[in-house]
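Next up, some structures in structure tokens.
Next come two complexes, and both contain subunit A; in the first it sits with subunit B, in the second with subunit C.
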Partner chain A sequence: MNRLVKYITRDGGLSAILRYVVLLILIIIASIMAPGFLSMQNILNLLRSFSFLGFISLGMTFVILSGGIDLSVAAIFAFSGVLLGLFQHWGIYLGHVDKLSLLAPTPILFLIVLAVGSALGLINGLLITKLRITDFAATLGSMIFIRGFAFAISGGRTIFNLDEIALFMGRGMIGPVPFVAILFLVSVIVCAIVLRYTVFGKRLYAAGENPVVAKLSGINPQKYKIIVYTISGFFAALAGICMAGRLNVGEPRVAEGWELDAIAAVVIGGTSFAGGRGGVIKTVLGVIIIGLIRNLLSLMGILPDPQEMIMGLVLLFAVVFGSLGTRKGSLAHT
Partner chain B sequence: MIENKIILEARGISKSFPGVKALDNVDLLIRAGEVHCLAGENGAGKSTLIEILGGTHQMDSGELLLNNRKINLQNPKNAQELGIAVLHQELPMLRDLTVAENLFLGRQPRSRLGLVDYRKMYKDAKKWLDIINADIDPRTILGRLSVSKQQLVSIAKAISLQAQIMILDEPSAVLTAAELTRLFEIIASFKTDGRGIVYISHRLEEIFEIGDRVTVLRNGKLVGSEPIKNLNRDMLVQMLVGHEVSESYIENKSVDLTRKPVIEIYGLNQGHLVRNVNFMVSAGEIFGIYGLVGSGRTELARAIMGADKIDSGHIILDEKKVRIKSPAEAIRNGICLVPEDRKSQGVLLEKSISENISLPSLKSLRGKVLVNYRKILKYSNEYMNKLKIAAPDSGQTVKFLSGGNQQKVVLAKWIGMNLKVFIFDEPTRGIDVGAKEEIRNLIRGLASEKKAIILISSEIPEILSIADRVGVMHEGRMVAILTRSEATKEKLVAYSMGSITV
Partner chain C sequence: MKSKALSLLSDYGLFIILIALIALSSLLSPLFFTAANLKNFISQASYNGILAVGMTFVILIGGIDLSVGSIVGFASILYGTLMHGNFFTFMPNEIFIYKGAPVLTPVLPLPLDIIFVLLVGALLGFITGSISRRFRIHSFIVSLCMMIFIRGLAVSYTNGQPLFGVPDPVSYLAYGELFGIPMPALIWLSICIAAILLLKYTRFGRRIYAVGGDEVAARLSGIQPSLYQVFPLIVSGVLAAVVGVIMSGRMGCGDPKIGEGWQTDAIAAVVIGGASLSGGRGGIGGTVIGVLIMGLINNVMNLLEIDAYPQQMAKGIIILAALAIQGIFASRNSND
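Let's turn to the complex of A and B:
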């Protein structure tokens, strides 16, 4: 009991509890509106549908912890799917379009796509640290460039049909559980351990909260900036591969606007925009809240575009309530 | 000689800030055609006084008479309209606007349509710049000019206000010798115009060269106001430091200066505030560095630490030449810095005591791969107890600690790391008296453990009470290194103001 009181009254404790209350209310509403909501089948399905946003939100968490922001994740997401599609339809350049013609075995293609995604993130990090462009401007530029690049290499076309291994990434099941959900949960656990139990993670929190203190304590904040953007690029590429498998296409228009959903998920989860506070478990909470709200709104028959209205309000609420429980609000900059 | 007409009279000015009495019943008379120098150590109250005259701060009590009429200054605009212009040390100008736009900020000439008349603005700007012989194109973006040219622009601005009283706050700090000569010519012409000039300087030579009268402040109180011709250098230094002449703050502790040096600095240059600095510190020695604000003390510490890239010079540690390009390398070589502003540079305010203490030592506090929280807790508790940090437990968030305890947290980060050189930059600033003494004892304790200590401080009693030798900095140079028996308050003040003949 004492510990509970201490938990609630500590700095930020109230807003953390509020998030779980919101989640609980959402689940109750959903299970009333849709009787099958709490069935194992539906939960597993939801888990799969949350995973794609989940991946890029994980990467975004690292970036926001470092005090940055990455607008290019959805573009890297789409670019990676297109790249995978092209690599599996290498014949496109030889004239026969819809036949599979693999550039290399699919697992190697995955590795190449992941490496390209990470490299794009690395470039973001270098732009920010070496050329001293602000995080926002650098990733805004690369977002537009990479999305355009995805259109350019695909000629604006959707590339249909991928091979079995690629499809497994998005659709495969291990027993009753979607493979992508397992992949996501493993990623969450790895990220949580990296952040909490490695020297890298602990130094990242320090560099994110106050780069000057970090630097004088022997940490190179710029190095951490570069690494977090690389991680973000990696997860965006992973999400892109899985989504391509799920939809069975390489599609340059996929995930438009998802960078904002990812930022919203991180902030709604309770990671501070000021850097140095938060974590991936919080982000998972944010992803689930966002996913559930979208799911509910769809159940109510509200179309995707007007849904944004509600999403915007939720984000504002999260920010306001986030700053009620803490001295430094989620969006406050020092 | 007939005394000139009094333009501005300040009577019994007092001003308090939370915890400090910045000005206590200070009088000041500014006469037409006279250069009135204002002198005093750091924190003597000079800045507060001119901020009151410039309308930035409001006094708590006292009165201001302008041409024998009582005035009430509510804001800087008030003061400007009454003909009082202040040239600040830090130029309050907009770097991204042109020179002319800065000169006429808030009073741009307008055309009949109410739009800014740029042609007239550039023409007028040129006129004022020509008056002070400044070779500056009014269309240049201010930020592209050198600092001294920017200072000239602000001088032009002050002249263009046609103020009857001009207050110059350490203009010489950033000017070259030629520009300074020009500035003195301009000041001389102001005198013949019958304007009143208040000139603040940290250089004694200047006061004797240009001043007609000097008013000395100490700890917010008026020490005296004398015509320059009645004074010599020693008398002025005496006024500046007070009459508690050469108290011996020093307890007896024999220092063996033949000991091997731990750290040696040769010909260190960094930017314009660290110029050809040489010194060395041996094991168990506390080397004090005294200097006025802006003399380059902090820059020197940052340069040794690798926080700013050095231009030239080298550092020798334990007789081995080292290249330090980042604080991480400095720490690896056994050097650490307890920085000037602990809240923004020393501690992570939002993190716990143990997170802060363990931050530089994380690598040694892990198992094979992962960080071991039990080790972190044990390690930070050990040093928390050793330094007597007052908090319920090491999980306490650092922002809730007092200044003294925060400073101990910064120190605790380094004490367990087996380092050789500790640099302290103003370690006792802004903490209460009891905690100050505790911090000083900790520093003495480190010295007795054979660490080499560099202690930067602007508190002379602090330096004299714990330093074995004192280096004095003035305009980026280490102008003197005094042993404990040579160091007196007078000498430190005189050297720090650039006066060599003591």
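Let's turn to the complex of A and C:
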């Protein structure tokens, strides 16, 4: 029995085999329950709906690889959507609410929003490294602040109607493939290459695995902490923009609790909380599993609240399984 | 000389901030020093205060308990269902239609109902603590999962509906007064005294500090850490259930949705009170001051009629500032 557990968890997280088995079972159940499940059309649709969670999980992967955790991503997600909405309805402050009034051409607005999201991530990184606040406490504080900020600048209202280019980010198609899915796949490939084949990536793994040793070998772990939180903020903002386009609104309530789904996706994928082990391809698998579980629960007609209960259990199992096989687990303080 | 002033500030700094805040509050709003407001302030602070006592225990061992807010909601709805003659059955729909004051049919004689709810709170804390201990996962992550799970359980239990009707003794816990002091404050006070006695004057309490400060050193000096690492989460679960019961009395119903986000207020109060998130340092005295500071800021912002959203932003900034000040002091001490 012990040997079995050791085998299943030999790479410190859920082993690849177990994860693929879970995925396969989910797909089989889904295709029995919904006959059209394996149609090309539905798969493309699923790809799109997984992409939003996918973006923030990508950023979260970097953060967890560095041994940290980012609870503020969902808040940055919502904030970015609201910011985009406000930038496209600049006239809201002049009294005309419904008319589009762009502050600048939309691509420039995108860049501004992405920059703001990255800046928020950067601030997280600075709080953690320069002011020596524990990762989760710092991002918990900034989560509360940023969500409050999103509500404050929108007055708690939903900002309806965005322009064509913004809609394209969430709804656009290139041929039969949703644009957002392409954007996500490109991001995954870029991240995977950066992590695997660049000096930055290798040093990030080293700094996450053991900050002390990394420091002794001339890597500054703090620098990598700051960078990963900035990346996380960037992807949260990107997800926020795409979601705003998909829903055609800037909405401060969007994505509440998504930070947990992202963490679950990363951990189920097999990236270890202890830092330094895992990767983005694994995370994609985790995102698909989490997305499929949610999809299945909806297919079964389970209401949102019991769904949350089940997701809590799923997350707990993922965390416990993920910790088997690592000796120190993540009880160690970062 | 300068360092003496600094250490004086770090020892009594909290106290000075509290007094300065009280002075500022009375300047900002003439309503502050009225008996009604003070009573209101202290009974509102008590709820966070009770949670913060449990959180202090958890933070002392270097853990964190994010599930307390959910336990408050679960305890409240569990208490409600007990009052309506059920243990764990999911309710029929008719029961939620309000038809005047409901007839209560408690499952157990009155004090036993409350004790049952507290035991369930203890069980939930025990689950979090023992999973965290057994699998060596930081309690912050385990309690995060438990937070989602318990909230989902509480809300699906009655489809999110509140259950009206609580017996008088429980309303008394929320609204009663003894010598002009609101009951919640008295409950908070007695819990604080018990906690101080336990932490300061028993071997058990000192061992909690020892395990929190350095687990390895504690084990080498013959302390078995598991007990001391699980016990604080049980305390936290029980105290969250206490808050859930009193809250039911306050609102006149069992409500599965209350307590959302309360864990952050409790954590903030403990951290403002000077406890270190890495464990081993802090105490109930500091936490009480932290709770009062948080409560004062809330109270004054309400008196000044500031909107909910800027209030939320302010809360985030206060938490970050408290943590930052602590981080700066800690790094200064370690540089010396």
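The rule we apply is simple: the second predicted complex is superposed on the first by the 308 of 334 C-alpha atoms of A that agree within 3 Å, B and C clash if a C-alpha of one lies under 4 Å from a C-alpha of the other, contacts with A are read in each partner's own complex, and residues count from 1 in each chain.
Here, a residue touches a chain if its C-beta (ideal position, glycine included) is under 8 Å from a C-beta of that chain, and two chains touch if they have at least 3 such contacts.
Here the structure is a predicted model, which is why all the values come from computation and not from measurement.
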Subunit B versus subunit C as contact partner of A:P105, first or second or both or neither: neither
Partner chain(s) touched by A:V199 [first = subunit B, second = subunit C, both, neither]: first
Contacts of A:V213 with subunit B and subunit C, given as first, second, both or neither: first
Partner chain(s) touched by A:G276 [first = subunit B, second = subunit C, both, neither]: first
Touching partner for A:L303 - first (subunit B), second (subunit C), both, neither: second
Greater residue coverage of subunit A in the superposed arrangement, subunit B or subunit C: C
Subunit A positions touched by subunit B in one structure and by subunit C in the second: 328
In the complex with subunit B, residue positions of subunit A that touch it: 11, 193, 196-199, 201-203, 205-206, 209-210, 212-220, 276-277, 328
Complex interface listing, subunit A residues touching subunit C: 127, 131-134, 136-138, 140-149, 151-152, 155-156, 257, 260, 263, 273, 303, 305-313, 315-316, 319-320, 323-324, 328-331, 333
Subunit B residues touching subunit A - in the complex, by the definition given at the top: 305, 307, 326-328, 330-332, 337, 339, 344-351, 355, 359-360, 362-363, 366, 369-371, 397, 413
Of subunit C, residues touching subunit A in the complex: 62, 64, 131-132, 135-138, 140-142, 144-153, 155-156, 159-160, 264, 267, 271, 277-278, 307-317, 319-320, 323-324, 327-328, 330-331
